[in-house]
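Got a structure for you, questions after.
Going in written order, the chains are labelled A, B, C and D, and every chain counts its residues from 1.
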């Protein structure tokens, strides 16, 4: 593997853990990135919870969301969300799909997202809604067919976020870090917006001008670097706290441990190494 | 003990810890399973908080909720909830009874549960309510008498969830994992539904068709495996973080430690073993 | 010291840590107990946050809330809350005063507490309100003078809980564990009640009969033992997770460490001992 | 460096960690202090998340918010908030700027802050609002230009807190501890106020007299010392739990670790030292 790809896989595994650790994603949802060397491919984890994803878990997909090699492991069923957006938007290099609790009240009531503080500008003013039922009738709500993914990508249009009625949110970014930044701060804004609506219906939105200018904070200030360092440390601290997991946990967690063997073996090796 | 029973006890202990760790249950509530070899028996922990339950804590009950042997320890008073549902529903192999905060606003106001996102479909559309007062007048609200359990089982009918006014929720599943999955995601949905109601009264429900299809996600995709791995790791990580409990905690926690001796002794033995 | 007193101090230290760990109390608030051998005395910690209290921190007060010996350390200013209730209510053996977030919406709006689930019965139906302003005009809201404490005790009357407008709550119990149980579950009920009120104004209260019967759950079932074991383990696990606190934390926390020396020295001694 | 400055840097690093740990600040926001020896200077961290700030991270600024020496590292862009308040208010020795979630509903709806319990008195009755748009039109909402900082300082006037519409809050204090105390308890009050507003619109405010008297609790009782000890221990415990961070976290966190090298190297050195 080229160095950039090694580095890319590390960055993407960390991105998955960050969005999980920040409460954007639980066992479902995923963050992908466009392949650093092949713009018509993308990297997405095998089917596992984002908080557990390691650099070795990523599968290479072509732009039609077919794996380049038989991965021999379970795959996410909703990968066309990623593939169809990479197809439609050449400037997008990372996609996050999630069902963050903060957004649920907007998605269940069809309430517009409104940026109520400067960092919420990353979501734009009134990003579009998409309802799978409109084109596809009754489904299990998962975006699985290529035409479902393409429909979602059309709804996204030139925006950075699309709200999926009775389902979740899909966020796009120019890089993995940009995508994570947008995912986290749009979720914070949604949470604050919903809380604000319990106080009064007269919510003060950023103006279009303010939204445009504040939307560039992550690109033009040290804010993105600072947040990334913060979120990374929080992931590392949490892993550190759990890292001393001893036998106490084993009796009941045996099944889980067995399932997660590849990752744990790696961790053990690293531990051993670090003792020398 | 047969291997399946050993495995079943492990799985059920983990299930109890998962629902506690995911905030569905605190010191009260319990998860049971039908005995893997004897369909007219079921396994339920002795009286202790689910987060502390170990494989050794389970008592075998017959279908009338009587212990097969004198357990010599305290028992849950509400075990007829489990027994009467196993009696009435042969396809049910696991039952969870809880008082999750997320449901309380529905239970205190008699508001129907509505699936507002795909994973909430596990609770069905408008699962039934049951009010102990209707048949039994003033009680301490605990479901203790066989006829109280039978009444609750009748209210459950063919559903997978029954809402108990001014009390809690009882969830049924075809397996322990199915029951845990339903318990967790119906609680998430209830939380999102309540939050949504603070934004607007016009909540968009999944259609009956969507509910039917999305209700099969756990059975037809890799979702259940992925969630179970995730929740198991969270339990293991938490135990790991606490596992390094040293003397610092002892002065004040001595009383607690003494009470919990059997479990701790076991943990110590496991630790010792794992060092060889 | 008599053995009962040693045990009582341990129990009371644990009680303080439990209410802190369960979110009832932060740096303010306190739990006291009537002296096990001298009913006209009570034990209350020196001035420090309840989560940090150790068995050595308790000061003996007479029924007029004067220390038996010059304690030589800072004291809580609100100790008359405890003394005046012990004076007025011989059957009360433990008092908890707190400012739990869950109650604040009731205290800020004068909304009656309503038991909305069985465990909420520990708070009674519509426990009384007390407003310091009524008798004492503008104060700093702290209950410091004996006549302020006596007024609060009169408002409490025969109840187990009194709601203090724009301030907090005071809970009484027949034992330390009973007092902690009432404090935790009345706070849970208040939280659920407030959430329920955002869904609809028609809250279903337990009936007087149900409240009476469910209010005896902690005395008549294994519930109190089970909860105490659970809460104790949560305290022990948290201390365990933090117990591995190494030098990493020291550079910035030095000031704090110095302030807390007595406790830490003790902890160190305990650690040393436990290694032999 | 003089001893007072060494001590001041330690205190300020701890203050930054406390406000982060108590949920007032995330990756953005900052706490500064007036230089202990040079009243026309102040100390503010280089650009990094407050939870990660160490005593070595502080940069000395003159009253015009220019660094005394080229710091050679990234700086916060909003430092004029601090400089202009130190210029306008000689009795202010510490400033905290934050975007605490608890305040967002007030800032998005223009709802007055009301002290609803005694500790909320630290924020005063109806502290002033400031809207950057009024004087400066569309901006990215960051307070970067000296005239923006001066305008904010004018709005603050003689108060201890100013609410910045669609942005955040700035708090002033007579000392670092006073500023932290005000920041934490005004945020708690804001949270309780917002929750109370979901129950009823008739919120009981402290009277002006009560606000005046209760606002002196931190200065006149042992409350500030007790809170500071509590918050410091919480920071130390969290660092302790994370302190056992082993190689397990490294594979995915490598990028982050590299970025944070200066701090980690320092931490290592401290660890080594403390072992002798």
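Everything that follows uses one rule, which is that a contact is a pair of C-beta atoms (placed from the backbone, for glycine too) under 8 Å apart; a residue touches a chain by one contact, two chains touch by 3 or more.
Because the structure is a prediction, the values reported are computed rather than measured.
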- request: Treat touching chains as neighbours and tell me the shortest step distance from chain C to chain D.
  value: 1
- request: State the superposition rotation angle between the two copies chain B and chain C, fitting on C-alpha atoms only and giving a multiple of 5 degrees from 0 to 180.
  value: 90
Query: In terms of residue numbering, is the interface formed by chain A and chain B classified as same (over half shared) or different (under half shared)?
result: different
- prompt: With chain centres defined as C-alpha means, what is the inter-centre distance between chain A and chain B in Å?
  reply: 30
Computed distance of Cα centres, chain D from chain B, in Å: 42
Message: For chain D, give me the residues that contact two or more of the other chains.
response: 198, 238, 241-244
- request: Enumerate the contact residues on chain B facing chain C in the complex.
  value: 26-28, 47-49, 51-52, 74-77, 99, 101, 104-111, 133, 137-142, 165-168, 194, 197-198, 238, 241-257, 259-260
Residues of chain B defined as touching chain A within the complex: 10-11, 13-14, 17, 54-55, 116-119, 188, 191-193, 195-196, 198-200, 202-207, 209-210, 212-214, 216-217, 220-223, 225-233, 235-244, 266-267, 270-271, 273-274
